[in-house]
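Dropping the structure in here first, questions after.
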Amino acid sequence: MAGNSFGDAFRVTTFGESHGSGLGCIIDGCPAGIKVNEEFLQSEMDRRKPGAKSAAVTARKESDRAEILSGVFEGMTTGTPVAILIRNENQHSKDYSNIKDVFRPGHGDYTYFEKYGIRDYRGGGRTSGRETCARVAAGAFAKMFLAQYGISVTAYTRKAAGILAEETDFTEIDRNLMRCPDKKAAEKMLAAVEEYRMNKNSCGGIVECVIKGAGTGLGEPVFDKADAMLAHAVLSIGAVKGIEFGAGFESADSDGKTNNDQMRSGPVFKTNNAGGILAGVTNGNDIIFRAAVKPVPSIFLEQETIDVNGENCSIIIEGRHDVCLCPRIIPVIEAMSAITIADLILRNRASRA
Amino acid sequence: MAGNSFGDAFRVTTFGESHGSGLGCIIDGCPAGIKVNEEFLQSEMDRRKPGAKSAAVTARKESDRAEILSGVFEGMTTGTPVAILIRNENQHSKDYSNIKDVFRPGHGDYTYFEKYGIRDYRGGGRTSGRETCARVAAGAFAKMFLAQYGISVTAYTRKAAGILAEETDFTEIDRNLMRCPDKKAAEKMLAAVEEYRMNKNSCGGIVECVIKGAGTGLGEPVFDKADAMLAHAVLSIGAVKGIEFGAGFESADSDGKTNNDQMRSGPVFKTNNAGGILAGVTNGNDIIFRAAVKPVPSIFLEQETIDVNGENCSIIIEGRHDVCLCPRIIPVIEAMSAITIADLILRNRASRA
Amino acid sequence: MAGNSFGDAFRVTTFGESHGSGLGCIIDGCPAGIKVNEEFLQSEMDRRKPGAKSAAVTARKESDRAEILSGVFEGMTTGTPVAILIRNENQHSKDYSNIKDVFRPGHGDYTYFEKYGIRDYRGGGRTSGRETCARVAAGAFAKMFLAQYGISVTAYTRKAAGILAEETDFTEIDRNLMRCPDKKAAEKMLAAVEEYRMNKNSCGGIVECVIKGAGTGLGEPVFDKADAMLAHAVLSIGAVKGIEFGAGFESADSDGKTNNDQMRSGPVFKTNNAGGILAGVTNGNDIIFRAAVKPVPSIFLEQETIDVNGENCSIIIEGRHDVCLCPRIIPVIEAMSAITIADLILRNRASRA
Amino acid sequence: MAGNSFGDAFRVTTFGESHGSGLGCIIDGCPAGIKVNEEFLQSEMDRRKPGAKSAAVTARKESDRAEILSGVFEGMTTGTPVAILIRNENQHSKDYSNIKDVFRPGHGDYTYFEKYGIRDYRGGGRTSGRETCARVAAGAFAKMFLAQYGISVTAYTRKAAGILAEETDFTEIDRNLMRCPDKKAAEKMLAAVEEYRMNKNSCGGIVECVIKGAGTGLGEPVFDKADAMLAHAVLSIGAVKGIEFGAGFESADSDGKTNNDQMRSGPVFKTNNAGGILAGVTNGNDIIFRAAVKPVPSIFLEQETIDVNGENCSIIIEGRHDVCLCPRIIPVIEAMSAITIADLILRNRASRA
């Protein structure tokens, strides 16, 4: 009930603060018989890690090594809970006196304090983006499970700093620091991001995600529709402020004749305005959605705020921070999507007698 | 696990098909001591009911009377489950031979058949929009509970048939058939909707929802953030294809300095780009979101499809159907929002020792 | 969270008070493709119904007709929620002035009042044994599902009024009013029960339950062990005060050599002290447990109690009440067991990749 | 769904195998503002630890140090998940060739293999009693929470090796190795246990548990009754084969007049046959229950069994093993009870508007 778990049959519970002794997760319901690739797990951790040399992301010195504590025996999952621990390494390295008693605008400092009456202010505590590393670890197991079904999850930057990727070349994604499937757009994005950095400011963007091979029948009517579950999963990422499936907000301006995906023998659907989901159940098309990513709230310009006593003051945030979250949020969106699909596959097994 | 429940502490489970003997819900966790207003309950049912004279919505002859079966004694909730039944009245009135073996484009006919191997084809069965009447009944109880806290939930048509409401006059909403808070825009919308009807086509729109008085501290980190729960709730409505909070997709094009809501002693936030939610927890501002509503899939033009044997065929849908869903989806979005907030209030009670 | 649901994959939520307008349930997760036998459903209702001519049970005039509201189409479950309604027929027939402000000893009157600050005192409201009719309806669907796997659930009176059934002849159970598998013991039990009735008193007993054909692998380590789930299910029945599996409390006096079921090729286990469950997972043996049923608290002797103001007073309960609950609790224990096993079967489907 | 979580509002998820790298838990829903006493946490771990010099329990060399990974800041819980890790220290110290392919009678070896198709045979993997150390760690936090409400949980050996404790002197419990509240009985138990050890055999017993100060109103009707939840909690401990509340199985032989607890102004109940729970809700009396503990299945006598190919063979178990589990299961029963009560307290907060 307290909200640190996601999924029902493939259930991930995470823990950990930015500057506590460690973060991690338990996957309860990870089925027995998944071949575990520890190198893949670590490579997923590395994709999310701050420190990739990039204009967009910051460099925090954490090795982010994922240690599997349980649930794996002789290279296979055993059906018992998979627990993973990622130690924090530089948790004592910083002075927090400037944010100890002051709420940073755009952050959860104020709302956590209101909710719990106490907050771990070191690096944002549990509201830190660092929290997502536990999700990526769990997502790696979900991806290993999905791989056995031939299902892939691929996210990329569709838009950043106001620049739209017009092409969608999957082979390009890992070749540029923006993780953008359009080489030319990526270059423009990087230049624009660099300008935001020079101005001590930050920028937002849009991440698109495509899930291939999910087949038909996933999603549980009526409340746990596949799109509702994915929306829940993706909106649970701090910086995401919106999501749309298939034609999405454009369908609001469309008409029924145009928007309905006509059906034909064979590939079944002639178009994919539905984004692969009809009445909440996957229809065999690619599942496709886009998430709106807000600008990084940690900027280096002076901002107005209040302190814990409600008094007006100003704040200038210090340290290293991302300028645009898109590149680093991509592995997190993939992880949450993979967890959601893994969960829906297991849940769907109960749908027939 | 099967997906027909929503909420954790204020938990709503619904049942029922479009042309079975009835639909309804159980609210488990409806707290004791809520004063029950049966007239209000029925008025909420009536707001959702097909039959309001309108260009946008259709007229099905159902009285939609909500019968409270349990959980209320001498005008008060008792803490035991509240069950509500809405009988279907014209369930035998129609001939379904044209859709019995054929999948309607844009509907869940095909995906349900793939998932369960069997489907109740009468009026769409459980995929029918009629399913939402059980949600509205549950939502009425959530609203009665929220009223005791001074919390209101108001949804309205922000856009329909491509026409945007520029004004936001809450007193106007119930005065026009589009439930639009802009009188002039409402007139244009109605005219445009009428044209879609004449062309046997349909149109989409955007519904906006504002929740006032929710206060601070609602939302459960990290996965059950207030926005994640609302997204789950609203995307579980069949026709909704996207959601955005506060600045939403516009924040993707914004910068940190502009997008961060600066804080000041007093009303706390100077702007509301966050839509009332920071790090998943309500910040005391109005909660505000917008939902993309796709065009009604039931249009009267000939469409391409396949039958249950996978053979190509065409279909012309008969009967009465809405042209634009916005007016009727408004009470459903309000209901799901009210249920979500009621649930988060009860869950939040466990946050401190 | 509020406790009116049981099961995870085969999830039953019940509602209803003794003297409200009706009781019933929703089964969410009833798989598609179960052949529905409405006569069987009604016969299960009739087995639980007060009114069987018997020394042990009372006669309340309710037809207890179970109406299926949803989830069944053309004689088959469709995978959507199965809702069942049982109307109360004589809800206005009684005068409750003697219990309106007074707490009956051995009943939930006092504890519900303490918990909710309000109680539906008519016939005990939701604490009435009548609540269990919704469970029996749900259990009938569970049994239909189990029948497709060749699994049977059989409960019977092992002991009543101090008399122990020494024989276990399943064919005898339905031939006597005590539902006892030992003809001679049944006769003695009936005579003893009749004496308790004459003395305005009541008596307790022990119900034993055997589940055949469940196979291996059911039960979810570590908290949702098959025995833990069955214990949860059976202890949720108001009058049950204890449960034991296999050798049960006798194993407390046993030694390892005697108590360990030795294993052999073929039927695998030479004995069944474990009651069919090892480390919480079914081992292929019959599952066997016994439940302690307390004496009916509604007796016709004067009792000491307090009223809602905390003042001392006495009470003499009126109306018709059972003398020994065993015969009527048997279908309820079977229902809860069948629901538990159905749930564990569906959950077990997620255990391997 | 996979069963490694317990509790709803105070939700404990455990992980870990006997000979993996570690065991532990996440408590999701541990309220903010609990003063954390790390010494108490460790003392609880030590109470459960094998190694207390005793006739009844074995000595495994594990320090069982509980490391808090998250959720605690400056000595207080923060409302975020509390994760605890206990490293296994001697996980590579043993040769398992004699049980690698052979199923030990009375253990979960066979059933886990049937369920998952794979098993971690080292020391029983997750079926090992060592799994319970994670429960005790979580239980320590539950106890700290309960302490703020003045609630105590005390378990002790009521019976062992056939010898019954006639006295109930709480001050005696920690003074003898049997954790028995009757000094003379404790001496007899120890002598009897020693004899079982000499005979390479083992014995069972009964643990009784008393919860004081829980007050009224805890327990969620109808399925999550306080006794049903406690039964679920306690039966989830591997060696427990039965549970009874208050008069328990004796009430089966009792009559209504005797068994009903008469009520009087003041302490309310004159007796406590109900064990502190009426209609599933606590009534203000002490909650009292007894659990049947089976004899330790690991005995040093030759036993009949089968191997993974289904072939008959025999087995002689090696290593160090407890003779009677009662002393070591006491902290586990306390932990599970404390978790259950903590959970019901938080859930009860949602019962009134």
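Chains here go by letter, A, B, C and D, matching the order in which they are written, and residues are numbered from 1 within each.
Please note the rule applied: contacts are C-beta pairs under 8 Å (C-beta built on N, C-alpha and C of every residue); 3 or more make two chains touch, one makes a residue touch a chain.
From a predicted model like this one, the values you see are computed outputs, not experimental measurements.
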item: Between B-C and C-D, the pair joined by more C-beta contacts; value: C-D
item: Repeat of the A-D interface, chosen from B-C, B-D or A-C (over half of contact pairs identical by residue number); value: B-C
item: Distance between chain centroids, defined by C-alpha means - chain B, chain D (Å); value: 46
item: Centroid spacing, where centroids are CA-atom means, of chain C and chain D in whole angstrom; value: 26
item: Mean-CA-position distance for chain C and chain B (Å); value: 38
item: Set of chain D residues in contact with two or more other chains; value: 1-5, 8-9, 14, 29, 32-33, 79-80, 115-117, 126, 221, 347, 350-352
item: Touching residues on chain C, where the partner in the complex is chain B; value: 1-5, 8-9, 11, 13-17, 20-24, 26, 28-29, 32-33, 67-71, 73, 76, 78-83, 85, 115-120, 125-126
item: Partner chain C, residues of chain A touching it in the complex; value: 1, 9-10, 29, 31-34, 77, 79-80, 145, 148, 221, 346-347, 349-353
item: Residues on chain C engaged by chain D in the complex (per definition of touch); value: 1-6, 8-9, 14, 103, 105-108, 110-112, 114-117, 126-127, 131, 159, 162, 196, 201-206, 216-217, 219-225, 227-229, 231-233, 235-236, 238, 241-249, 251-265, 268, 270, 274-275, 277-284, 292-299, 301, 303-306, 310-312, 347-348, 350-352
